[in-house]
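When the chains are written out, they are named A, B and C in that same order, and each has its own residue count from 1.
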């Protein structure tokens, strides 16, 4: 296979999206709200459709604002339904995002004559096309997506950097956070806004599947590898960036095994993140499966070696 | 305006249903009553699907795993793509539904096992496991579809994502009904086991129930529902079918069998109604309409259901506050009257300054004013000139009753402190309903022995 | 729901509001407090005045509303009626005066933070928004950890601590908060003897510094040796006052009802202390 500057740009765009998602993703995972990214990325459809129908154009800004607003609304509705209706938060989330998604589909279909908005495009994205749409940045022709995602990444870095202690506190102990004067609800909605903005910015460029995956998978992998928050954030960013590179490579390489052309890179980036998670799962220092099996074997050996009173072999079964 | 284009036809469709029969094509009656030849398959399949998913979804909701349906439905996508590729390679009918559904089932079950594996062997929580399986499997699905979409005859595979009920034919219908019936029957047969699993899995496993196997069976049924729903409503909207009807049903009842039945009913009705509306209106995809109908049922349930609905709860809470306010007010007034007596005994009802009542408790003038107005309306107390208040005859009787009950209850707390807090109802208003008459007499005797005065109400109310 | 309830109580939480008639030198004054969950009052017409600088034990049977009382004082659950004043003002304006040690189950012990991180959370209020944790806060946190005797465990992830050590982390966090009134919800629940000792020592240290500590407590046998002020609670206040006056057979029977053996044990323990 031949690697071109095209491929480099695709990987850079993917990595920027991935890292931008991994940062807030860590806090989502810690707050047990991993599915929020999935919910928001489906639910923004009516926002996109409405923005398009009102302004009649596909300019990014209107779509961006519409989608981000609906994204925040998703979080708000979920919160309301689960609080006022006493509904399990997962279920509330599911109700909200499927309904919004359905409304979005209906809106798009009703306006099908005028709207060139393919819901499939929202899900898969078209990361392969990113290098075609460039802006001049000084002497360099940079893909627009890279610029946009670079800015989003900076925004997320700024949030995590500035509000690190507040985010950590409110995720760990919302009650204490409130009694200390850091409103956990405010922080919750701030995080949701950031997630919505990131989601919308990213899927316009690369499709929502990367967003959903990168909000959860790197954070999950990092949580298996460390007990500290700062290393967790760093590992998550690393996993995110590596899966972008690996995913693109897989997207070119794997189909060729079957004699097919390159496939969708976004999907493969998610798969790559999953593979990295699998490695962390298997070989992680503590929770790792291999370490666990090893420990199990060691324990049973020790029991074997220990002086036995009875003669029954059952005593040497590995401890659960 | 865009919303006119979306919702007005929908509204019109609903409003003009009764007279739509004249528009030349098939009429609403034919559709709703399944008389039209082409649509009855579609409408009935979605209704059957709604029943099955509503029933299974109830357990999912109570197991707090509603979003597992989300994860599992996404996890079916790579299976569909791979099954298609394999069948193409084998030279068979690449889009035979059973083949595609088999592929979907296999990858769905695989996703399910990964999910349970993560949950059981790592410190990560359910939501992470779900999100992980969802995104990675879906990514794989997208990648596989990206690979196979250049194969001949691949068009239409993505309809599994959004659903295309109109494409359901009689053959598919048999599959859908068969699977839905199996799922429904299994959930009825294993009702007790699933109930236990949802309520207390720790206890279930301590009693020797195979919790893991039950979990796999439950989620396997979810996968089955998802798979048959793929074609009807698509993999995203089937999630709504699994979550929304049970959540709506939960508001109406605390009784699990009723809930499961209601949930199946809501699912079935949403499917039937949604598919009918969609069949009557051009350009309204059935999947979307069905979900919106189910969501409407959910919203109505959430607010209006008397048992657990929002409005009902607000009303009950407001009533509780009013009642406590009334008890405070009347008891306060009664104690003022008692204090004006020189010796213990039944006080006489006379007017007293409002300021005295104000000082009785920590309430703001505003708060007191509101309670007073409410009680005046009830005819318990009257405002006299010069900022004075006076209990009415009825209010005086009520005040005596409340004060008596309050003292009895306090006495009860003292003499039966060990059991009182766990007692069913701690409401001072209810003493006579909670405690037996003999106990009440003993409490009265105990109070008198302490030299306390037990008011005997002079009211038409029976104590 | 919460907003609704707030709208209904006109007194609300206006910041800095003086609650009329509450002297500003009383750490905790509770008046006519009633809290009801679903139709049922859990605590009832509670009136309390806690003088400054006391170690206060809140004692009562299971379900007597001890934790509820504490949470209602801290606005963690809505009050049905009545009011609570911390040094004469509403809780909201007096947050800096208050340190809270919740029950241990209230947080996720898997969270990726070290013991030191958790204790440093106590200093966040002096930092305010945006300013990061600096060396001074870390030293303060370390100091608090040393005081509860687990300075050597500062770097441990909190899940790797024993139950008693986790409890000490919570106490150290309260210590780092440098409050004037401490609310502790069952700090002695399921801890080892060494931790119990450490907690008692800590309570005494706080007491010497003039702090007021309210402690929800279970064990009648130790009440009289740990606390100098006692609140006997069973839905309403049975008695509140200096331990010597309040800790009597009559009061205990009013609080606990017929479990005489329990009371006997407690009184025997009391006699032992006196002798």
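As a convention for this text, a contact is a pair of C-beta atoms (placed from the backbone, for glycine too) under 8 Å apart; a residue touches a chain by one contact, two chains touch by 3 or more.
Just so you know, these numbers come straight off a predicted model, no measurement behind them.
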Most contacted chain pair (by C-beta pair count): A-B
Longest centre-to-centre distance from chain B, chain (CA-based): C
Distance between chain centroids, defined by C-alpha means - chain A, chain C (Å): 40
Inter-centroid spacing, chain C versus chain B (mean Cα positions, whole Å): 36
CA centroid of chain A to CA centroid of chain B, Å: 29
Contacts with two or more other chains, residues of chain C listed in rising order: 1
Multi-partner residues of chain A (each touching 2 or more other chains): 84, 223
Chain B, residues touching no fewer than two other chains: 123
Chain A to chain B touching residues, read off their complex: 29, 32-35, 37-38, 42, 49-50, 53-54, 81, 84-88, 90-95, 98-99, 101-103, 105-107, 109-112, 119-120, 123-124, 207, 209-210, 212-213, 215-217, 219-220, 223-224, 250-251, 254-255, 258, 260-261, 263-264, 266-271, 273-274, 277, 281, 287, 289, 292
Contact set on chain C toward chain A in their complex: 1, 74, 76, 95, 98, 100, 102, 106-108, 111-114, 117-118, 121, 124-125, 127-130, 132-133, 157, 159-160, 173, 177
List of chain B residues in touch with chain A within their complex: 2, 5-6, 9, 61, 64-67, 69-70, 85, 118, 121-125, 127-128, 130-132, 134-136, 138-148, 150, 158, 161-162, 236-237, 239-240, 242-244, 246-247, 250-251, 283-285, 287-292, 295, 298, 302, 308, 310
Sites on chain C touched by chain B in the complex: 1, 4-5, 8-11, 21, 31-32, 34, 36, 39-42, 44, 61-65, 80-83, 110, 234-236, 238, 253-259
Chain C contact footprint on chain A (complex, rising order): 30, 83-84, 162-166, 168-169, 171-173, 175-176, 178-182, 223, 226-229, 232
